[in-house]
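All chains are identified by letter, namely A, B, C and D, in their written order; residue positions are counted from 1 within each chain.
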Amino acid sequence: MQVSIAGVTFATPIWTASGTAGTGEEIEQWCDPEKLGAMVTKSVSLKPRSGHPYPRTVETAGGMLNCIGLQNKGIEAFITDELPRLRRMLTRAVINIVGESIEDYVQLARRLNDVEGVDCLELNLSCPNVARGIDQGSDPMWVSQCVHDVRSATRLPLFVKITPNTNDIVSLARAAADNGADAISAINTLVGMAINHNTFKPRLSNITGGLSGPAIKPVALAAVYKIARAVKIPVIGIGGIMTGIDAAEFLIAGASAVQVGTALFRNPTAPIQIAAELAEYLRSKGLAHASDLVGRVAV
Amino acid sequence: MQVSIAGVTFATPIWTASGTAGTGEEIEQWCDPEKLGAMVTKSVSLKPRSGHPYPRTVETAGGMLNCIGLQNKGIEAFITDELPRLRRMLTRAVINIVGESIEDYVQLARRLNDVEGVDCLELNLSCPNVARGIDQGSDPMWVSQCVHDVRSATRLPLFVKITPNTNDIVSLARAAADNGADAISAINTLVGMAINHNTFKPRLSNITGGLSGPAIKPVALAAVYKIARAVKIPVIGIGGIMTGIDAAEFLIAGASAVQVGTALFRNPTAPIQIAAELAEYLRSKGLAHASDLVGRVAV
Amino acid sequence: MNHPRPAALLWTRQVARDVFHQRFAEPYIARHARAGQFVHLLPGTRHLFRRALSVYATDAKAGTFDVLHQVLGEGTRCLSQLKKGQTVDALGPLGNQFLVPDPGRRAILVGGGLGMAPLRLFALELNQKLTKRSSRRTALERTPILLLGTRTSSLAIAPFELGGIGIRASWASDDGSRGFHGTVVALLADQIADGRIVPEQSVVYGCGPEPMMAGLASLCAQHHLPCWVSLERSMPCGYGVCMGCVIRTQNGTGYETFKRVCRDGPVFDSAQIVF
Amino acid sequence: MNHPRPAALLWTRQVARDVFHQRFAEPYIARHARAGQFVHLLPGTRHLFRRALSVYATDAKAGTFDVLHQVLGEGTRCLSQLKKGQTVDALGPLGNQFLVPDPGRRAILVGGGLGMAPLRLFALELNQKLTKRSSRRTALERTPILLLGTRTSSLAIAPFELGGIGIRASWASDDGSRGFHGTVVALLADQIADGRIVPEQSVVYGCGPEPMMAGLASLCAQHHLPCWVSLERSMPCGYGVCMGCVIRTQNGTGYETFKRVCRDGPVFDSAQIVF
């Protein structure tokens, strides 16, 4: 099930998604790291962030909303406290970074250049829970500039995570690909809201949040399909993956690997289980490698 | 439960959504028309359209995809075959029109000016299943021009149905409001896809389709909330409404009325049931009118 | 005004591997359902769509209707696991029906697998109607001919209670383990060839998998044999509003290119259909 | 490596309107769970999130654990309707635990409604531990004091099996229908005022609705009485990865502003919390 992306090999195409598996410490107790394709860390910013107050999550039909608001220790504490353990973990470490400006992203990328234990970078250009997260991330010009500048600042394999809150996700993917991204991660969450009909209050402290889970799988699959046909770099599929069959569908649509997010909340061993199911599926189809499935969609 | 929008009164704020209740003939056998706030008809185009081949629908987690492709008789047959019965039906007739160009919309609006039985027009500027449906509909300039031109061509109350496949639905709503729309209908479906993991084929003949149902309710609610705060005209909420409580949440978010779509497939009496549940909810809150709930969200 | 109705399960009988015969109490459907029509059942709260099942039997006096279904996915599994006394939410009866043959023509019922379900009810209807007007009819017209196909003998499900009225099925099996060796369409061709079935004095009614219906349609077209087929589609609504369940029609243009199986069918003149 | 475990229902007892006491067979949780910890149960396939319930009792030998829960919504309803022998998917034990008082201090357990559940297990743990080292302890330290609050007498649920080890609850009720007339926090204030509880020789352990915990925290702060509270949050994951279940902390800045109830808690020093 090994896959190779941007010259890095991953034990399986099933990875954890940013913000849904902490920084490794917790997930290590449930998943054998050697069986994890990669650990994608929670977005880290330059400065520590408190995130939004409680309530931060709500269950919706087939999905959930969150407005965590990027609570994280900041890059320095991350490097001191988290990276050493991540380095010891026998899986790939994909460090997801988030900024408020292009300069932030560049600085974060530079800082991670100098340290050990970082296998790849993932730029979160798509957080719906911070001011301007979507405004910037849905502007192909801004994405071009941001990826271009980060690319100049680092030699690390660079994944760019883009937003589905757009009329044209393909342009965003192209903007990233044309400026040196090594892969596109798609998708982040959709903007959504829930209201308490008794109190008339929004169910999230930040009023709106990001929708994830099986509910958005069709949106993610369409995005991956379109992006995979439009760019030459690999696509990493994300959105509502709960089973090995779901993962297979993303590979068929054109993803070279997938990330598992919300499924981890329900089941801390989800990535391992999904990988096992995918392996079984590949066997049943007589396919030797996961890559044999990639982009096989029959249209 | 009576509501008034653009000078037209509706028996209840619970209407049917375009494309989900036919043209009245079928729904009449299940719903007492007097208890329906309005019947919004399937989109009608200038020329007859065959729509896309089967398969056109697929169930997804908490929702469904469709690529009907606007199968309809065309405006002339619609006026001859359908409108007379609609006129006899004791409910409001909202005629939903769809075109490929602004000129199409103008012509359709003009044609419906001359005939009787049309209470309101709804412009479908948001169909994901036809070429350019979303490209045009997600461009605020195009929406401005289209609404402006249609407004000049008709005196009928004008509702504009906009797409959620955008990074900025508020701009689309503003474009419509600033050019004479009487209300904003939000939302249409989200672009999505499903793949058969056995055959590797897309599950829809048109590859991608529109996602509707409870899965998209959070996206719809966020759209309604934002639009209601940005424009002065009424908002008509659409997306995943299955119960009276769902409808109440849309009113609280700022909708003056709602449309019920996918719920009709599961239950042909859904609008009547939802209206009864909403009435019960209003009673339980000690509210006399549905309008007492509109925009009451506590932020 | 029609409405969804709770139908209470009276019993479930497993009649083959994964195939279940169930009887529900619901007087309205029991009274109104005709052969070819279907009920649209909500198998549980998890599903958005209902599941369509042909009406297999009715008892207007007792107020019951039967279905015969094969467990394919989640929906039919839920149904098969219902407990006695539990209810399902049912719409129906929906769709059009099999119409009796014109005078002088005999009904040839051709079923594949579970497709036999609506044909069985039709055989009973025919028997009843033809008995009433038996004075003006020949014996030949009276008794429908029933041809049933199965993959193999062990999967064959015989329609229940037809023996009592003198209707017996001729079987065809793909592997020759039961009756004619070949498809049921080949069996029909065989019976036409040897004169047992006379096209000018017959009308064919078919129900089964789509490839079989296509084969049946083309055989009948060849022999100028009128042929009605019952078709299946995934049905989001079942009552005509979603336009999801469409079939392509011959010579149709524009809006008429596609018809709705749930409301314009499920029974179609096979000559009208593009398979 | 830990993993989700199927826990089989042994029995359900309804102990009040909408309140159920259930025993599950699951040896690992039975052996490892400590007072204050919780299990995270998947009530059925319809729900995305699990539901957190405090461990109410354990029997390491028999390999069982108990929960006590009130039916609030779909999740707890599903649980309450489980049939004997059916399993739920369980994570656990999760979270931190109540720690025994420092020497010279007596445990005052203050519970509101179902909040009594983890306190009951803690009372048993304390009893066991203190019995072992009883030679070095005074009787005063030995027996925890248990104060329980209820809205009204008819809703009061007494913790089971504590009588046998000599721990008896003092009750407070909002309407005076059982024991002290007032909240359980007022009862504690009362017992401090009349000297039955000596702040310098006590540690408070509270579990109950958040407003009650806030009141308890502020009373204890006033009397410089150490106070541990068990808190509740909606918990998407329950094991620390989602950052959804947070509580605001005193003096916390940046990342430290919010702590996770599921992993940093659910038991917190009340002085650290901003209610």
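Following the convention adopted for this analysis, a residue touches a chain if its C-beta (ideal position, glycine included) is under 8 Å from a C-beta of that chain, and two chains touch if they have at least 3 such contacts.
Because the structure is predicted, anything quoted here is derived from the model rather than measured.
Which chains, if any, touch chain B and chain D both?
Looking at chain D and chain B together, the chains touching each of them are A, C.
So which one's got more C-beta contacts, C-D or A-D?
Between A-D and C-D, contacts are more numerous in A-D.
With chain centres defined as C-alpha means, what is the inter-centre distance between chain A and chain C in Å?
Taking the average C-alpha coordinate of chain A and of chain C, the gap between them is 49 Å.
In whole angstrom, what separates the CA-based centres of chain A and chain B?
For chain A versus chain B, the centre distance works out to 33 Å.
Between chain C and chain D, what is the separation of their C-alpha centroids in Å?
60
Calculate how many whole Å lie between the centre of chain A and the centre of chain D, each centre taken as the average of the chain's C-alpha atoms.
One centre to the other, that is 37 Å.
Which residues does chain C have that touch at least 2 chains other than itself?
In chain C, no residue touches two or more other chains.
Using the touch definition from the top, which residues of chain B touch two or more other chains?
62-63, 213-214
Which word fits the touch map of the chains here: line, ring, star, complete or other?
Here the contact pattern is a ring, one closed loop where every chain has two partners.
Check the chains against each other and report every pair that touches.
Applying the touch rule to all chain pairs gives A-B, A-D, B-C, C-D.
What does chain A use to touch chain D in their complex?
These residues of chain A touch chain D: 19-22, 25-27, 29-32, 42, 47-51, 53-59, 62-64, 66, 68, 71-74, 77, 213-214, 262, 264-269.
Considering only the defined contacts, which chain D positions touch chain A in the complex?
Those residues of chain D that touch chain A are 1-4, 42, 47-50, 89, 91, 233-234, 236-237, 239-248, 252-258, 263.
Which of the residues in chain C end up touching chain D in this complex?
Interface residues on chain C, with respect to chain D: 45-46.
Which stretch or stretches of chain B touch chain A in the complex?
60-63, 65, 134-135, 138, 163, 165-168, 190-195, 197, 199-202, 207-208, 211, 213-219, 221-222, 225, 240, 245, 248-249, 252-253, 281, 296-299
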